[in-house]
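Heads up, the next two complexes both have chain A, just with different partners, chain B and then chain C.
Coming up: the complex of A and B.
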């Protein structure tokens, strides 16, 4: 296996406790960082080439350098631990198994940004991890790693965990800030961006759990060394939540640049498709990103092997490519109905739309109802075109990217799997459903 | 000052002006329709997306086009910006899409809706929508509720423009109503049957672009096009006292604030002026109102389309049929396919 920097030592005794974490090199990065100047920490992160692990892949160092610094105004760092994108379960794993890496990463990052109050906004359903974080934070306070004059450096930081109420939209950074402020989690209209006007109108940086955790190895090994891992502009390691019809679902830390084929079939990672079936399609970065059929996920349109990196996954744009997204890797075997899966995804976006903008509020529900027609067996050919038209009228016309997140999967499913929609129209169901029926009833097809 | 060109017309406007307001300064058909923006309400706009435009040149300094359509009510202009509204086929198509979205769950009960004739959604549908809907599913429904003794909330008609929420936030101390739930089941509501009781609360009726918030003292009294607007004022300690009275024959049926040609209130009025003074003797009459808001009440606006004639015909027919019936039976009487 390639280099692992985040979940390398999960098998070590007591790694979830402060003592165990420290025994295995924990909090050395913090000691090192507190001896540096905040700008130098930002500089290291810039050099590392670290990109946001929450979905958009924006360079973290650059994001940090955008933060406004008006005198006398507090700044905030907020960790986005809302993790609700279907297919993504890496942040909860990391927080549960190694909470101190997040706490350490947050102290270093807050120091770099000049924030004296920081928050972890955790998804409401993750009470278990919430208690683990609370405990870790208490341990850190008791050891003088949080609070006043951290390790004698003169730097003060208070860190709070804030529990959401379980809404996907509160993972969108401005929806998250609204929710943190105690309001309805409606995303804000940007600009202004949070780096200028975020929580309570003050400059705020929102970063994903994994992004902030990655700051720890970056400081330990230096940004330049970190940048040597990975490929091109996709530096470092990335946690991938692998699920679906694979032999070994789970969270894997990969060096960016591993070929997708190796990731799926090698025993180091997913271990191939279960029950000896063939791979049909992959959603590579969480439910929002375009689905790709086997041919296009293993090789780009140019015939090059596709790699697990930001650039390679998006090679070919949306016509033949997809996105790294949050790293929620969902593999589907030959018995999967793409239409049913799409209906399920669309149902999710319909349920989670905040309802502020008309295209997303009305369009998501409309698409769900049309997709349900396919599954019920009374869709017509015009419904395929209608779906295509509706998704196009949502995309790019909304306040936050949830509109796009709902539109892209629909577009990609039609783009790559139109014949399957047509089969539903013609036969009222798909052969996949028939096979499924035989299988679950132990029947032999006639 | 900054220069902006909208659909080929150039104007100089102060920095910080939004594209929508710059377009309004130019005037005419290049003004994008706005269903949620309201000049007098801070942070309004950005929700409905009817006002979207294309920015084909960002500014003199950075001429790159903006990647997505922008809401003209929130996007401020930069010097040298070039904007396409009605000259962009994509925008017209996208706007038609927004109109369709706004209408798929709308009950289209115009024949029995008090707002008909002065409804921004009707205007929008006629001017920017398509003749037929492609929606074939059950429409969303809510129970009607009273918010206070003077205002009726007919949530089924609401387009979630958030204007009334901003009124509650900005005009009445201690906001008592807002949005509950999310997505397409989000609704305007009060906090657990709390009555909206505040001397400025009636303004939410005026800002509501559709018939979701109506004046209970006027409900079902008359179609608005049978009433004549007259400007009047009285001495009032709470508000400016400058209102519009709506007469049918000798009788003033309704009092509203005065609205400009974009349907926006010129000055807020208080509930006392609105609900408690309907006698002509209470008012100093200034004269007939000048209505240039392009709505059914200003005659012949829709001369180009047969749509209006069809609607008027439909409405008249249905009214006849319905007269004397139980009001409840009237709901949804109109064919939902005739958007």
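Coming up: the complex of A and C.
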């Protein structure tokens, strides 16, 4: 299955507890890091080539080196455990089963950034995992891994977990900071970036759960060794959340560079499409990335096999490619209505728009309404063009990328599946009647 | 006219108060944020408030939280109305939150909602006449690999079939207890967490 660094030992006894985690090599990276200088830790992460696992794929070491260091001003590290991008469930999976890898990663990363107080912002729906983290943090305090003078190094860190209360937009890093401050999760206009002015006006770094967890193996094995895993600039391993019409949905840790075809059809991963059906389309990186039809997800426009890597997934730009995103891999079989699925996603973005920018607030609502017209059977051909026009007027005109995240799926669905929209217009209904539950379970609707 | 501070200026109802355990927990949480930034504790404290007061936030409850945090009531209303987990109207003892987003929808979430509506005799957004269940649909709960799924309190019920879902609901009905996201036992036994 290639190399695994994060979830390789989940079957080990007591891995969710401090004792079990330590028995299997836990907290050795912390001991090592505390003997280094903070800049050396940042250097290792730079060498590793680690890229943010939250969606944007920004190089982590570089992000850390941007943090402002005005004297006498506290700095903060905030872990983004808001995981709400549809199709993504890897962070929840990791935190529930191995909370100490996140705690260890956060201590090392806070040390590297010179933060003495750090927070894990977990979405409120994950209340069960919130309490798992509380317990893990308490265990770490009791063992001298948090608090004053950690392991005799002279470094102090307080780590707290903070819960949200249901809002996708709080996953956007400045929305998250607003929410941490006890406000509505309205994203901020940038600049200033959080690295200059973040939580409570102080320099702040926000990183995804998986990113911070990956710091642990990087310190253990060195950045250079980590960079040898994977392919090209896509170094290391990545957790992929696989869902939809596949035989084996779940979280898989892949070495970056696995061919998409192998990922979908091999029994090591998704195990092929359910009920012997054919694959129709894939949303490869969470609901915000462009949908691709089977031909383009398996092979690039140049006819080369497409790989699970940042570069290969985005090969062809948005015309024939997509994005790695958060690694939420959603597969749809031949009986899926692309138009109805798009309506579902668009409803999501309309529901989750914070409402600050008109193009996003109004545009998502219009798109949802127009798509609903298709489903109800009253759409006209000009509605396809209207959808295209609206999505184009959102992109690049909003405070945060949620607007784009809502526009891209619409653009991609029209680009690759226009005949399906036309079919709806002509017949007033879908080529496919959607009764997923009955179909999947081979039942007759009652 | 003289304002009576033990009475809400909006509803005229008597102010509410946290249990001792909940109050101690709220104060512990407020200390987690920098000096003077105790407003940051609002989301966890509103969760605790929902657990304390029948699963929803009344104006009196929000006013009380405002006094705890030493902020204006409007600041609490503003926040409470932004986040989907806060109920601003009374709800059943048990709020069923069915995920309706893409991956769950591909696996039959829509049909599952219809099944629950039929079983309970209510529509999405409504509460059963006996006050036991409220049915809500929510967006992706980060459990798409075990779709379709629903959340009740802190518990995720995953890989649902009609039968399984029906059995789960019967179980809650038999217990007849109020279920909240922040479980009441966790409020009572918060003393294992020192910070």
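General remarks:
Methods note: the second predicted complex is superposed on the first by the 433 of 446 C-alpha atoms of A that agree within 3 Å, B and C clash if a C-alpha of one lies under 4 Å from a C-alpha of the other, contacts with A are read in each partner's own complex, and residues count from 1 in each chain.
The definition used in the following text is that a contact is a pair of C-beta atoms (placed from the backbone, for glycine too) under 8 Å apart; a residue touches a chain by one contact, two chains touch by 3 or more.
Computed from a prediction, not measured in an experiment: that's the story for all the values here.
Within the superposed three-chain model, A:12 lies out of touch with both chain B and chain C [touch as defined at top].
Set side by side, chain B and chain C differ in how many residues of chain A they touch, and the one touching more is C.
Of the two partner chains, chain B is the only one touched by A:399; chain C is not.
Shared-chain residue A:357: touches chain B; no touch with chain C. Once chain A of one complex is fitted onto chain A of the other, the partner contacts of A:167 extend to both chain B and chain C. Contact with chain C, but none with chain B, is seen for A:244 once the two complexes are overlaid on the shared chain.
Contact with chain C, but none with chain B, is seen for A:181 once the two complexes are overlaid on the shared chain.
Put simply, chain A uses residues 167, 184, 351-352 to touch chain B in one complex and chain C in the other. In the complex of the two chains, the chain B residues touching chain A come out as 46-50, 52, 67-69, 71, 74, 94, 97-98, 100-102, 104-105, 134-135, 137, 159-160, 162, 178-179, 181-186.
Interface residues of chain C facing chain A in the complex, by the touch rule stated above, are 32, 34, 37, 39-44, 46-47, 69, 78-79, 82-86, 97, 100-103, 105-112, 138-148, 151, 153-156, 161-162, 181-183, 186, 192-195. Per the touch definition, chain A reaches chain C in the complex via residues 74, 83-89, 91-92, 117, 123-128, 131, 134-135, 137-138, 141, 158, 160, 162-168, 179-185, 200, 241-245, 249-251, 283, 287, 328, 330, 332, 336, 341, 344-345, 348, 351-352, 434-438, 440-441, 445. Against chain B, the residues of chain A that register as touching in their complex are 167, 169, 184, 189, 350-359, 361-366, 369, 386, 389-390, 393, 396-399.
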